[in-house]
Each structure stands twice: as C-alpha cells, then as structure tokens.
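Everything below concerns the one structure shown next.
Labels A, B, C, D and E are assigned to the chains in the order they are written; within every chain, residues are numbered from 1.
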Amino acid sequence: TQPAGTPQGVPTTTVPQTQAGTEIDVLYSGFGTMPTLMASKQIDAYIAWQPYVEVAPMAGFGKVLSYSGDLPPDSKWKGHPCCVFVTTTGMEKENPDLVNAMTALMMLSTDYINTHQDESGAIVAEWLAGKSNFTYGNISVSSEQAMTRAIYTVNFTNTPTDTWQNGILQFMYAQRELGVLNGTLVNASDADAKAMLFDSAPYQNAKQMIQNNHIVTPPKATRQLGFGYLLSDHDTMLYVAVKKWQYFNDTYGIALKPRDSTQSRPEIADLIVNGQPVAEVKLISAEFGGPLMQLAATDSIQFSIVGNPPVIATVDKGNPVKIIMAANLEGSGVVVSADSPAHDWPSFFAWAKQRADAGKPLRIADPGKGSIQDILLKYSMKESNLSVKEVNS
Amino acid sequence: MKNIANLSLRDISKTFTSEKGEKIESLSSISLDIENEEFICLLGPSGCGKTTLLRIIAGLDRPSTGSINLDGYGIDRPNPQIVMIFQEYSLYPWRTVVANIGFGLELRKVPAQERHLIIKKYIEIVGLEGFENSYPYELSGGMRQRVAVARALAVDPSVLLMDEPFGALDAQTRNLLQQELLKIWEKTKKTIVFVTHSVDEAVYLADRIVVLTPRPGRICEVISEDSPRPRDRTSIEFAKVRRHVLDLINQPKCSLP
Amino acid sequence: MKNIANLSLRDISKTFTSEKGEKIESLSSISLDIENEEFICLLGPSGCGKTTLLRIIAGLDRPSTGSINLDGYGIDRPNPQIVMIFQEYSLYPWRTVVANIGFGLELRKVPAQERHLIIKKYIEIVGLEGFENSYPYELSGGMRQRVAVARALAVDPSVLLMDEPFGALDAQTRNLLQQELLKIWEKTKKTIVFVTHSVDEAVYLADRIVVLTPRPGRICEVISEDSPRPRDRTSIEFAKVRRHVLDLINQPKCSLP
Amino acid sequence: MKKPLYFFLPVLILIAWEITATFINNAFILPRLESILAVLLNPTATTYTMGTGSLIDNAKASIIRILLGFLLAAVIAIPLGIGMGRSEFVHEFFDSTIQILRPIPPLAWVPLTLAWFKIGITSIVFIIFIGAFFPILLNTIDGVRGIKKTWAEVAMNLGAHERQLMGKVILPGAAPTIWTGLRVGFGVAWMCVIAAEWLPGTTQGLGYLILYAYNFGQINVVVAGMVAIGLIGIGFDVLFKWVEKRWFGWRSLER
Amino acid sequence: MKKPLYFFLPVLILIAWEITATFINNAFILPRLESILAVLLNPTATTYTMGTGSLIDNAKASIIRILLGFLLAAVIAIPLGIGMGRSEFVHEFFDSTIQILRPIPPLAWVPLTLAWFKIGITSIVFIIFIGAFFPILLNTIDGVRGIKKTWAEVAMNLGAHERQLMGKVILPGAAPTIWTGLRVGFGVAWMCVIAAEWLPGTTQGLGYLILYAYNFGQINVVVAGMVAIGLIGIGFDVLFKWVEKRWFGWRSLER
C-alpha cells in the first residue's frame, strides 16, 4: 500500500524491500569517510555530491561510474533538483527588497559560473581548500584541477520551473515513506505542499530587476543577517558572488563584499547595492543541512543554500522557510573502486549480479538515509530490479 | 575578669543517636566546679566521654541535659574565652608554623604588626625558634603539638581544654612538654582541663584529678593533689598518690559502668 | 627447634638516603644476643630507629652493615619464623576478624578445617568471641590490636616482633592486654622483641630492657629484670626498677645522640 | 526516595520549560513537553523514531555497544594499570605514550578507526574503548599505588609469594579505587556513544537517533534521546554505587 | 627527562608505524610519517590546512575557546560545588538535576545549544562548558566534604564567622581536590573540542581541522591534528601538575 499523498506512478523509493533480484547493500556514511572506506576496500562504490566524486579518480582509488543525471532509468533523473536557495518568510516581510536583491545577486552569479567555468572552479578550490593540494600518499592532486572538473558536471540553473517543483515533491513523497514527516506536509495535496514550500516571487522580481538593468536599493537592514551554506560545489554561486564582488559591483551595482579578503572562506560580508552598504551578512558553513534549517527556524540565518530534503522536513514542522529557486541541478555522482570491472550501468549490473551470486553483494555508501543521494540511489537500484539492503553493524 | 575563669558544670549528660537509631548514652549527670586558674586532669577509660565533655564545654556540642556557666554566663556556642586543643593536633597543613599560630589572631583581626609580636612570643615560649616557616609535615609529632598549644595560647583565652595532647609522644618528649606546659600555665595562669590516659601524667600535672567511670561517663572520684611543683616522679609521695589512683581505677566502683 | 629461637644481631647499622639525597643514620652498630623464649623490651626516644631495627630483624629491610642470625642462619628476607606486629595494626579492612586471623594460614595453604580450629583457638586466647564476623572498622582500637596479635600467633612463629602495640590504648585496656600477652607468651613460649615508649610497660613485661640512644640509635644500656611475674606495679621493687630506668633515660649517656 | 526536595528543581525546570515553550512556540528552540513525552512514554512505538526501530531498540543497541567497549577497556586497562602501579619499569615504559594519547578526543579517532578496524561493531567498540580506557587505567594505577605499604609488608612478613600478594592484598586493596575508575570510565563511555554511532554502517542507537533526528529537524526526538541517555546513565551509576557500597563499604567506614 | 625508557615505546611505535605505512602504502589507512611531520614541522604554513589558516592559528583558536568554556565552568561549578558540599539542603536541591544532565554527551547538546545561543563563540563555549562542568563540580563537592571536621571546629572554636570559615578553612582545605577537578575538567574540555567545533559557522580550530581534513581524505592532516591536540594536552597537564605540586604539595606530604 502506498502512503497517502503518493501520486500514481511514483514508485516506493526509499523503504528497502525484500524482493527477488540481485541484492546490493547500502551503507550510510559521512561523505568524509567514503574515500577512506573505498581506499581500504570496505566499499565497492559510493554516491556523493561534488567535489567528493571528482576527487576519486584524481586520488586514484576510484573512477566515476555515472553522474547523477545519468542514473537509471534512462533520463528519469536528468536535471533532478538538488540544492535550493531559501529565505525565511520573516525576512520577506521585513525587507522584501533585500530578499529580491540577494536573489538577483545569486542569479547573476549563476550566470557568471556558466560563462566562466574554469575561473569558477578556481574560486571553489580557494573557498574549499585554500587552493592547497590534496595529498593522497604519493599522489598530490591540485584542488583547482579537481574543482574545475567538478564544475562541468553540475548543472547551475535557478529557474523554478514546474518540472523542477514536481521533482522536489518526489523527495517529499520519499520522506513521507521514511516517516520523517509528521506535520503539515504529511497529508497535504500537491498544490498545498507547493504553496507551503515555494515562493517564487523574489525570483520573478529579481529577474525583472536584472532585465531592467537596475537593482532596487533596499532599506538598510537593522541587524546582522546570516547566510548558511554547505561546503560543496553546489554552493558555488555564493562563493563566486563573494570572491568576484568587485565584478558584480562594477557591472550590476550589487555585491557581497568580504570584510577580510585574505580569508579563503570569508566569514563576514557586506551586501552593497548601488554603492550603499545595506546589510552585514555572516556566512555560516555547516556539515549538513539540518543545523542550517534549525538556525533558520530560530532566525539566526535568513538565507541559505541547502539540500532540499532538510527544507522539506523543516517546512513540515511549520518552520517559516520558503524555497525561492534552485541553486543547482544534478551535481552528484556514483564512484566505483578503481579495480571495479564496471564502466557503465550494464557492466555495473553484471558486476552486482556476479558479486551477489558469489555471496558478497556490492556495498555502496551513501551520505545518509533520506538524503538526495540516498533517494536517487535507492530509486534507481529498485528500478533496475536490484534489491537494496541496509548495512547495520 | 580577663584570664581567669570560674567554670561550673551542672548535671551535664549527653546521649547520641547512632546511624542505626540506637541511643548511646555518653555522659551521665556530670557536675563539677572548676576554680579560676585551676589545673584539672580528666582520667577515664576509652569511650567514657572525655572528648564529649570537652566539646560540650567548648560549646561545640550541646549537652542533652544540664548547663555550663563561665563566670556566670551560660555557654551554648563556641566562646572565644574557651579554647580547645584537639586530640589530633589538627594544624592547617597549608599554613606555616607562624601562620598556624597566628590563625586565631587573624580571625580576631589583630593588626599584622601586633600579631607578629604575639606569635614571636609564643614561638619562644614553646621553643620553636628556627621553625617559623616550616610546614606541619616537616615537624615531628611533639613539635606539632607545641604549635597547637601556641595557637591556642596566642588568643589568650581564660580556659584551655586539652584533649590527651601528649598521647602519641615518647617518654622523653612527653616529660619535656609536661614541664613546659606547667611553666606556661604558671606564667599565664589559665584554667586548664586536661584529658589523659596516663595516671603518671595526671599525678604530675593536676591540682585535682577527676576519675570517670566507663560509658556512660560519671564522676567516680575527685582526687586533690596539692604537693608543690615541680613534682618528683621518683619520690615516695608521688608513688603513693599514683598507687591510690591506680587502685581507684581498678576498683569496681570506677571500672564498671 | 620449633618455637624457640636464638636471635643474634651483630653490629647492625642502617643509613637511609632521604629524597633530597641527605644521609640519615638511623641505627649505629647494634649488637645483641637474644635467648630462646626471652622477652626483650626496646625503649628509646622517637626516631631513634626502633621500628627500623624490628624491620631489619623481620627481613623487610636490609641493614647497611652487620648481620642477623636466627639459630645460625642469616636473615636477609622475610622469614616465616619471624612475624612482626606493626605499629599501626594494619589489619585488612576488607576481611572479617576470622579472615584476618586466618590470613597467614591461608598463605601457607593450611586446609580450611584445620585453619578454622586454629582460628577458633586464638580467638579464644585473645578474647574476641562474638566478634568473629565483624570487620575491623567495627572494632575498638584495643580489639583491633588483639586481632593483629592473633593473626601473628596463628602462624606459630618462633620470634614475635611487636612495635609499640599498645601505644594508643587507655590505661585499663593496656593493662589488660599486657596481662594477656604475658599469659600467651607463657603458654606458647615465643621469643618476643617488644618496642614501647612506656617505662612502666617495659618494667612490667621484660626479661631484659634495652635502652637506645636518640638517633642514630645505639644501645645505651641493657637492664635485666628477673622478678617473678605477674609483677606488682605498686610494689617498692617495681618502683625501684622504674626509677632506675627513668634515671637512665634522662642521663646524658642515654639522652644525647 | 523520601526526600521531596529531590524533585523540586526538576519539576521547576519542567514547568519553566513548558511555559517558555508555549510562549516561544517554536519547536526548534524548545519543543513542547508533550511532544517529548510522547516519544519517551511510547518507548516501544516506532512512530517517532524515523525507521530506526523503537526507542527501546535504539537504547538496547547503544547499551550493548557501550558494554562491549567498556568491558574491553576494563580487561586491558586493569592488568596494565596493575603492572604500571607495581613496577616503575612498566610505568616508565608506557607512561609517555599514554600521556600523549589521553587528551585525543574519541571523535578524532574515527578516521584511523575506520581504516584499521573496518566498518562494523569493532570500530564502534573501539571508539567507546578509547573513551573508557584512560579513566580505568589511571584509577587502577592510583589504586595499586595507594595500597598501604604495611598491608603488603604484613603479607610478605607472613610469607606470601608474589601471586598471593597480588590476589590477596593488591587486588582487594585497590578494588575500591579501581571500581571508581570503572564507574567514571562507564560514564565517559556513555559520552562517546554519539561519536561512536556517527560511524558509517550505523542505523540504530540513541546517538545515531539524535543525529539523524536532528537532520530532519525533530528536536523533540533529540531531547527525548538526551533524556533517555541521562536516565540510563543514572541507572548504571546507581548500580555502580550500589555495588560500591555493598562490596567496598569498608573503605569509607575505615578509620 | 633523564629516563630513556620514556622514549622507548613512542619511538618503537613510530618505527612500526613507518614500516607498516611503507608496506601498506595507502595514505588512507596509514599516512607516512613524513607526510604527518610535514604538517607538524611547518606549523605556520598554510599549505596543508585547506584554508583554515596555519596549524598554529588553528591551535590558538581552539585553546582560546577551551579556556573560555573551562573558565566559565570553573566560575559556576566551584561556588555551586561549595554550596552543595556545605549544605545538605543545597545538595538535595540540585543533585537530581545534575545526575540526569551529567551522562548526556556534549555532542548531544548541539541542537539545543544552537537554538539557544545561536551561532558564534557562545555556543562553542557552551559545549566545552558542558564537558568541563561536571568534573569540576563533583570534585568541589568532594573536596568540601572531605575537609577534616576538626579543621572547621578549630576555627569555630577560635571564633571564626561563616565567611572566615569559608575563606580561611573550607577553600584552602578543599583547594587540592578542586584543583584536581580543574585538571580533569580541562582534559574533558579538550576532548569536547571536536564536538564544539563541529558547530555551524566554525572555520578554524584543531577539531574543525580534523573533521574538515577528513572530509577531503587528508589523513595525514588528521593525524597531525591529533598529535597537536595530544601535545597541547600534555603541556597543560604538566602545567596543572606543576601548580599542584607547588601550591598543594602539603596534601601529598601530609602525614
């Protein structure tokens, strides 16, 4: 039986079921542990977001089997939603122009990424790794090279299209099945859910302002604002906005200027519109999305780039957070160990079958139950007639 | 009134309740009048309530019945005029000899200069010159006891309660300290109540020896001894008194509860 | 050979090195022959090395010079024939009276049944019937001392070393235990070396009293006392010996290092 | 519990919590008591625990891991501590290494643990082991060194061999201090449960539940998990203290 | 350090480490000593620390946080402990609450901490505070209760007021035990550094560096961070012990 609210045709995606078919084992693991686990031969594959995909071939312990847009079934996950740009309803009421301006800056930044991919890669490398090299034993990998390659595998698009919104609902259905929803979203119709989750107005306003070539100067914020983000390529639009502040300031009259430009991860920036400093913005990184959403709930941050599942979970609890637009699409990938015989999906399935028959099912790590990558993985495995089992030690 | 005291105990008794709720009668109707400048020795078997009695006099414990008066005033809390020297010397291990002796003066906010003079005087009296800045752990048992005595004397109380102060010392040191105590007593003229297990010591020191019975401690006998000091331990007279007391404590009257 | 011992100390001296590296000479050329079944009392000021001497005899410490022989055999490690009763009673607080007394027997793997008989016997001798299953903390000081004595006796050593065992007791209990010790000694005929601070006690107990000088301890004088036991503490004879010893320990010969 | 005062502050806190929670009305800052109690009072329900099994299942999983890590720590730390306490040589040999390893947080061991012990119960147990090991070791050394010298001497004097000395004097004499070490070590083991259950391959346990619930914004479950840890912690502490009083009562009663 | 034996085991471990590392040849399992030393011996370089500042910057950030949390814990725990040690009433009032809060891991406090104290130094300090608080409190209670009864009675007998009793007897008498509590508390504070620096908004600190480096598989940096924590931990421990010996030497020398 399907949970309430699951539309026809959407398969059960998350709850592993015992079914006939090749068994594969899923292991929940922090993204940081995945390379260690693979290098020490404890897992055969993992699914993670960038740059943790790109690092594998460079460090030599793994190879990229597939980026997330190419997960089976065919083209089902092309352009799947991933991280989103959110604000709080309180902020929208308090200073709508500021929300519009910030949204505009993020959109302009996204445009810049798409036209300056190599430079954006370098910016990500500086932000995440201080441009230093990654050392894996004798191999030293340039972070810049890794990040640049990663940039090309992420789809930087903001537009809040219907398809995209429906895509996000898929993740909401998945959470219903997981049982992590127990608030307003449990029984909501799709339309109600969308009303609760999305607010595209700032996007439309920002788009208008960009077309008019004029960003409206918002009233000066009365307090320090917070901008939460994750340490991932998915948040490139923030990094670029900050690091290229001069360019945006000169070209569009809007900028997020870091207080201390020597910091590779600036902590405080000023939002400047048309030469006017309008807000002091604290940039807050986190390991994962849950804490960021809690910070939004307590009004400690007003903007965030974050994966969509924590946003869904938090809206369900009545938290006044709204998704404005996408931060990126796709951007994750499946890595298999360097000595794996798999090089595409058919050979992967053959490998899985061979291993399952030998009584040693493939073991795939994902970053946690209910995460984007977890849902993608389980859905596509199930669609491919594999049965997924959780590893519990 | 200073330095002399007339201490009167009226019908003191004390009953403790143990953890298990049993009643332990420790002292039973003790009545005793102690004259000014008198030297009293308390003699009695272990557990008969000697410490308890001193604590009551010091105002550290309340009697179950009865009352104590010092110069006509009732005692029901520690009184600066009555200072006790405890069975274990209980010096403060983190204070030097000087700081231990000056402790009571510090409490009474005696100015530093005056304090130093007083401390110096008592260091001389108890013969601890050269050990002013030593810590208690650097001293032998006898020296520690002298610090405790000096600490008590320094605040110049009128009554000094001493709970078996020389119990742990060897014969020689003990003799020495007894002589010193008598000298100090003669110089400063305190009223002293002195607990001891040693008949010898009691006979050597006391104006009056109070013999207690086993628990619950009652007064069995009071023996006056007015031979002049210093007394000769090897004299026939001394041996006679000693024999009398020894006989007494072995008599059923004093050795049965 | 059992139960009797001829203990001979030849030119024993002992020097400790303190933490700061100073040399402390604790004992200096002690020579003494102790007969079988003899009762020796060691008398000397605090710190003169009495405990050190007993420890050397027990084989717990090695002398810096000199040697000890028991029946002609050298002693350089603990010897089951020589049992020491320590200054602090050092019972095992986690063992009951019975288990403490049986400790040495347990070590020697005496079968349980035989052990129980022996324990029972010594509990009777030291008068602890009714306290078999008490723990040390439930006993008074005197009772604990008796347990320590019984523990030592239970293994039936030929030499018993007792380090000021009655120091902390009141006069009555002390007298009682002295009498009991003599009875046990007469019954079991051990060689006993007994340390005390009390001249009285020494005169009451000993065959010979060995008076030591202050540190470094040397033998100052050995006094034989062969009056029959039990001795009367109030007798003239007793007073004379007592006076002799008291005089001795105050003489420069014995009171100066 | 005859003492009503014991309940005063907790009840006060609960009342203050509920009033503030009602007032603030934000489950992310202060979830309502009802929502927390709902989790705690239905410990066998799976409604609130997001597919991790019931609260009891989670607690059971954690307790088993902690007991394993704790026992392993005890089994290694006690003999080592006895050796270090008895022999200056053994002490010098191990001391420097122990001093440098001691301040390293259990969480910091996660990377090496995973590489060395692989995914599975071994790694989890190792992290807990790290936490429990040092308090037990240090207390054992302390206990052995704190043995009254005369206790050992009496035994030697009565003819004890080294093995008898160990079994009949050193061990029983040091037991109370060692036990305190075990009690403290168990407490620290509990405190490592989150670090341990943060390891890959974990899908159950109170520590896991707290982190997982946090990621989905279920603060009431987080708090319920904390309370469960607190209560179980108290439970074990009471047990340890009870044994202490029963078996090692002699220490506090002594002198 | 005149004792060569101190260095024996650490050197042995290092040699074994290097041999195994060369043999395994997998930096994820055992990074080579050279790669670890490269990080440790260039504490001012920013080459290895992935934009977190130099190793020294990270250490400084952690030490400041730990000191703040630790001092806060001391400032609250010592007076509370004195109160609980002196008064049965105060003890009963707080005891139950403290018993239940004590076993809760500092990491478990993260969700509530973030909600209550927001992002910033306050939250970080609070997590460290939680870790350091209980050892200090329990030792203070213990120390105050362990005061010899006669010490207080001598003072009362000589006419001390309650305030004099506190300042001249209770505090100095309990000081050595309180100091031990501070030493242990500081150790636990160190152990919480990872949990504390796991909080959002942190961009520096040894705990942060370890986690962050781990995310990028820089195991050599992880191990270097662990060693740095170990060495700094030893440093502070030596400091605490030195003060203990100097100021509170009387306790071990007593009797």
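Basically, contacts are C-beta pairs under 8 Å (C-beta built on N, C-alpha and C of every residue); 3 or more make two chains touch, one makes a residue touch a chain.
Only a predicted model underlies this, so the values are computations on that prediction, with no experimental measurement involved.
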Contact distance in steps, from chain A to chain B: 2
If a chain touches chain B and chain E alike, it appears here: none
Identity of the chain that, by mean CA position, is farthest from chain B: A
Same or different contact residues where chain C meets its copy chain B, judged by the half mark: same
Chain D on chain E, rotation in degrees - Cα superposition, rounded to nearest 5: 180
CA centroid of chain D to CA centroid of chain E, Å: 17
Where chain A and chain D are represented by their mean Cα positions, the distance between them in whole Å: 37
Chain C and chain E: spacing of chain centres that average the CA atoms, whole Å: 51
Chain centre separation in whole Å, for chain C relative to chain B (CA means): 31
Chain A, residues touching no fewer than two other chains: 30, 32-33, 36, 39-40, 291, 294, 297-298
Contacts with 2+ other chains: residues of chain D: 28-29, 110-111, 115, 214, 219
All chain pairs that touch each other: A-D, A-E, B-C, B-E, C-D, D-E
Sites on chain C touched by chain B in the complex: 43-47, 140-142, 167-174, 197-200, 233-234, 239, 243, 246-247, 249-250, 255
Residues of chain E defined as touching chain D within the complex: 3, 5-10, 13, 28-30, 89, 92-97, 99-112, 115-116, 187, 190-195, 207, 210, 214, 219, 222-223, 225-227, 229-234, 237
In the complex, chain D residues that touch chain C: 148, 150-151, 153-160, 164, 168-169, 172-173, 175, 248, 250-251, 253-255
Chain D-facing residues of chain C, complex: 58-60, 78, 80, 82-84, 86, 88, 90, 92-94, 103-104, 106-108, 135-137, 151, 155
Contact set on chain A toward chain E in their complex: 30-33, 35-36, 39-40, 52, 55, 59, 61, 126-138, 143, 226, 228, 231, 263-265, 267, 282, 284-287, 291-292, 294-295, 297-298, 300-301
